[in-house]
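Heads up: the structure comes next, in C-alpha cells.
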C-alpha cells in the first residue's frame, strides 16, 4: 500500500503563467512516454517478476515515478492557475481549456488521452526489462525536448532534475538485466529466455 | 510524494488457480470503472480544487485507491501464477495470455486497454465531485457483478471489503459536495456553479 | 422510432465566419461531455431502467439532446460555410480542415474522435442516474468555457440557451434519483443498491 | 429536431434468453458498421451537402437509422432481461456483464467501444456518398453474419427486415450519386470532384 | 514477400523547412484516409478475395501504396530535417515535437495516432471493394485539401502526382467491381451478394 | 519503393481448419507486439536515423517484417478458409466473425484494433534503438505463447521460423546500438544522448 507524504520529491515554484508551455509539459503527465505510463508499467510488471530483487526494483522506481507524476501535475497547475481571460484563448491551449478548464488531465500534448496501449506488461522478465529500458530512454528524450521548447528557468530546473532521475533509472534497469542474465545463463548473450525450448 | 509500505491494505490469499475469473476481476484493474481510473481521477482533480479540505479528501482517497489497485493486481496474479498448460488455453483467457502471459496488464475484461477517455478532470469543483460520486457508484456495481460471477470465497472476501470502501468513499464525496454548496451559496440547491454569471 | 421535424429547437443564425471558434464549439458535438455522448447515454440506459417513469425521462431527455446535437452542428457549419482560403489555414483549424474540409465531424476540440469509452451504461439504476447527473454538470462547464472563449453574440445566445437546458436536465435527473430512493428504501440515504445483499 | 414516437419501426418480440447471441447482435449497436455509426454519419454529413435533395436524403436515412439503433437495442435487451445467474456466466458474455450488467452499451462484439474513428465526414459530396454506399454494404454483411450465427427465428425476422432496409439505402445513395454526377458534369465518369483544378 | 528498391516512386526534393506544413502533410502518413490505411487495407483484404484477378489487383495497389507511404514520410522528413530552435516552437508543431522530435510518426494532423478502426476488412468481395472505392475518394479529398493549404511548389508537385494515382486506383477498383458483378450475376444491379439467400 | 515477389519468405501450408487458433495467431498480425507494428516502426524510424548504416538496417528489417506480416495473414487465412457453419460459431471466434467474416483484419487477439499508440518514433537514435530491441523481445514472447497455445505442427513450424528471425533482429539492433555508442562517445556507457548538454 501507499502512504502520502505531503511534500514534493523536488520543489516546484513557478512564477510565470504560461498556458502554452503547460500544454507541452503535460505530455509527461499523460503522454506516451510520461510519468503515468512509467509508474503504472513498473507497478504492474512487478507481480510476474521471478525474483525479489526485481520486484523490489520495480516497486521502488514505480513509487518514485508516482511522485514525479505529482511534480509534473504541479508544474502544469502552477503554469495555469492565474490565467487571464486572454491567456485562456492562447493558441494551443484553448482546445484543452474548453474541456478541462485549468484542471490537470492525463493527456498527451497532442490531445490524445493516455492509453494503456502505450505500455506493455509481457509477463517475461527479459521482455519487460527491455521495455523498461526503452521507456526510460524515451522519457529522457521528452525531457530533452521540453528543455528545447521552454525558456522558463523555474520549469527547467525541475525538468533537469527529472531527466537525471530517468538516467539513473535506466542504469538500474540495466543492472536488473545483468542480474537476470547471470541468473538465467551467463552465456545467453543475446538475452533470449531459455525457459522455452 | 508517495511512500511504499510493503503490505496490502487488506490481505489477499487465493488458493485456487482460476484464469477465467482472473479475466473478469482484471476489469477493476484496468476497466472503465476500476481502481486505476479512480486513483488517477482523484489525484489529478485535486490540483484545481478550491479548498484545502477538498484537496486533502481527494489525496486521501486517491492514495487509498492506489492500494486497492495493488490488491486487485494481487488477486489477478494469485489466480494465474500456477497455470497448467491446459489452463492457459481456457476460453476467455487465451486471448489475454498470448499478449501478456501471466502478467498483470491494465485492461478491461473486454480486452480494451485502459484509456483516460473513461475519466474526466473538468477543473470545476461541482462537476468534478459529481464525476467522483458517479465513479464510486459504478465501481460498486462492478464489485456487485464480480460477486455474482465468482464463487471463490478467497476472492469474494477481498471484493466485499473493496465494495464497502467504495460506499464509504461515496459518502465522503457527498460530504465534500455539501461542504461545497455551503461555501458557494446555501440556496444553490441545484448545484450550479455561481462563479459564471 | 424518431420523426424529424425540419426546424431547430432554438434558432441558429451566425453571421460571422470564425473557424477557430468552430474548432472549439465542436467539442460539444463530439467531445467527452458533448451532446452526442449525452443523447446516446440516455437513449441506451433506458432499456435497463426498472420503472416506466425513468424510461420516459431518459427517452425525453435523450431525444431532446439529439436536437441539441443538431444545433451544435449548425453552429459549426455556419461558422465555417464561407471560408476564405486564408481562413482555412487558421491556426487550430488547419489540422481539422485537412481531414474534414468544412464538414461536421464528431470530434473533441483536441482532435480526439468521439469514443463510447467516455460514457457508461452500467445497468444499475443508481449508478446510471449518478452518471447522468455528472454528465449534465460536465456539459454545463463546457458551455461555461465556450462562453469564456467566445465573443460572438450570435453563438453565445445559443450556447446560453443550451446551458440552461443542462441545468434543467440535472434537476430532472435529481428528481429521478429521489423517486428511485423512495421506491428502493427511504432510509437508503447513501444510495447503495439494496438488491445485492 | 427530433420527435419520439413510442413504437418501434418494426416489432421486436424475443421469447428466449440468449446472452451469447446478445453479445453478437450488439455489434450492430456499437460495432464498426452498426446503426450508431450509420445514423451519426448521415446526420453529420448533411450539413456540408451542396443540394437540398441530398440534405433531405441524409436526414431521412439518418433518422430512420436512429430507429434501427433502437430496434437493435431492444433485441439485446430482450435477449438478456431475464438472465439466470448461470446465464450471466456464459462464455462470451461474462466480460460484458461485469462492466455493464444487462444494460445496453454501444460496443462491438469484440468489446471495443464505438469510436467515431470508424466513420468519416469528408465535407466533399462524392467522397461522402462513396463512404455511405460502402457503409451500407458493410452493414449488410454484418446482418448476413448474424443470420449465419443465429438460429433464433424471433431475432432473425427482425434482422432480415433491417438487412432489407440497408439494401434500399444503398440504392438510394446510388441515386444520390447519379444525381450528383449529373449536376457536376455528365462526363465525369470516374467521379472526381471537378471543383479543384 | 517484399523487396525494397532504393528509390522513391516519384522524386521528393523539398528545399524549404516548414514544420507547420509537415504537421498537415503527415495526415497522409497516419491519418484516417492516408497511405498507411490504404496499403494495409488492400494487403489485408486480398486473402479473402474469391478470384485471382482481385487478389492481384489488391496486391498491386497495396504494394504501390507502401511506396506512397514512403514518399509522404520523405516529405515530412525533408520539411523538418533542418529545424532551427525557433521553428521547433511553431504553433501546431510543438505538440508533435515534444513527443517525436523530428521523427516521422504515423499520426493524423489532429494528433490522433493511426488506428485500424479507420479501415475495415469485411471478408465480402462487394463490401470490400465499396470500402476501397470510398477510401480512394477520401484520399483524393485529403490531397485536394493539402493543395489548398500549401503554397510550396516542391511539396505540391509530389502531392499532385499522388492525387492522380488515387484517381487511377479508384478506376481500377471500379473495374474490379464490374468484373465481380459480371461473375456474380449480371442482373445484380444493386450489388447485393447473392451468396446469402 | 517496394516490389512484390509472389512467394512467401517461408512456406505456409496449414491443413486443418481451426478458427480458435486463428483468433490467437492474429495477435501477431494486428496485436501490440505484432508484425504490423514491427514493420511500421522500423520503416518510420529510418528517416531520422543519423547514419546510412542504421537507415539501411531499419529498411532491411522493416521490409522483412512486411513479409512476416504476409505470412501471419496466410496462417490466419488458411486456418479459416473452409469454415463449416458450426465452426463460425466457435467460442472466441464468433465475435470476430460477425464483423470480419473470414477476412484478415489487423486486430489483437483481444479484439482491440491495431493502434499506432503501441509504437513510438522518438527521433533520437538511442531511444529508437532501445524501443526496437524491446519490440523484438516482446514479439519473441508472443511467439513463445502461440507455441504454448497451439498443437498444430503446420502452424508451429512457421511460428518457430518467425521466432528465430526475431532473435536475429534483436542481435542486429544490438549491433546497431554498439555502433551508435562507438560513434557518439565510447565512454557514454549509459547510452545517454550527448547532443543535449
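A, B, C, D, E and F are the chain letters, set down in written order, and residue numbers restart from 1 in every chain.
Everything below uses one rule, namely that contacts are C-beta pairs under 8 Å (C-beta built on N, C-alpha and C of every residue); 3 or more make two chains touch, one makes a residue touch a chain.
These numbers come from a predicted model, not from an experiment.
Peer 1: Looking at the contacts, which chains touch subunit C and subunit E alike?
Peer 2: Touches both subunit C and subunit E: A, D.
Peer 1: Check every other chain and keep only those touching both subunit C and subunit F; list them.
Peer 2: Both-contact set = A, B, D, E.
Peer 1: If we define chain centres by averaging CA atoms, which chain lands farthest from subunit C? Would you check?
Peer 2: Relative to subunit C, the chain with the farthest C-alpha centre is F.
Peer 1: Looking only at C-beta pairs that count as contacts, which pair of chains has more of them, E-F or A-F?
Peer 2: Answer to which pair has more contacts is E-F.
Peer 1: Please determine the option from C-D, A-E or E-F whose contacts repeat those of C-E, over half of the contact pairs being identical by residue number.
Peer 2: So the equivalent interface, with over half the same contact pairs, is A-E.
Peer 1: Suppose each chain is reduced to the average of its Cα coordinates; what separation in Å results between subunit D and subunit E?
Peer 2: 26
Peer 1: Roughly how far is subunit A from subunit C, centre to centre by C-alpha average, rounded to an integer in Å?
Peer 2: 33
Peer 1: For subunit A, give me the residues that contact two or more of the other chains.
Peer 2: Answer for subunit A, listing residues that touch two or more other chains: 32-33, 91-92, 99, 101, 107, 110-113, 115, 117, 120, 122-124, 141, 148.
Peer 1: Which pairs of chains touch each other in this structure?
Peer 2: Pairs satisfying the touch definition: A-B, A-C, A-E, A-F, B-C, B-D, B-F, C-D, C-E, D-E, D-F, E-F.
Peer 1: Okay, in this complex, where on subunit F does subunit A touch?
Peer 2: 32-33, 112, 115, 117-118, 120, 122-124, 126-127, 130-131, 133-134, 137-138, 140-141, 144, 147-148, 167, 170-171, 174, 190-193, 196
Peer 1: Per the contact definition, I'd like the list of subunit D residues that touch subunit B in the complex.
Peer 2: 85, 88-89, 91-92, 94-99, 101, 107, 110-113
Peer 1: If we count contacts the way the header does, which residues on subunit E are in touch with subunit F in the complex?
Peer 2: The touching residues are 1-9, 30, 36, 40, 43-45, 47-48, 59-60, 63, 66-67, 69-70, 73-74, 76-77, 81, 99-107, 113-117, 119-124, 128.
Peer 1: What part of subunit A is in contact with subunit E in the complex they form?
Peer 2: Against subunit E, subunit A makes touches at 20, 23-24, 27, 31-33, 91-92, 108-112, 141-142, 145-146, 148-149.
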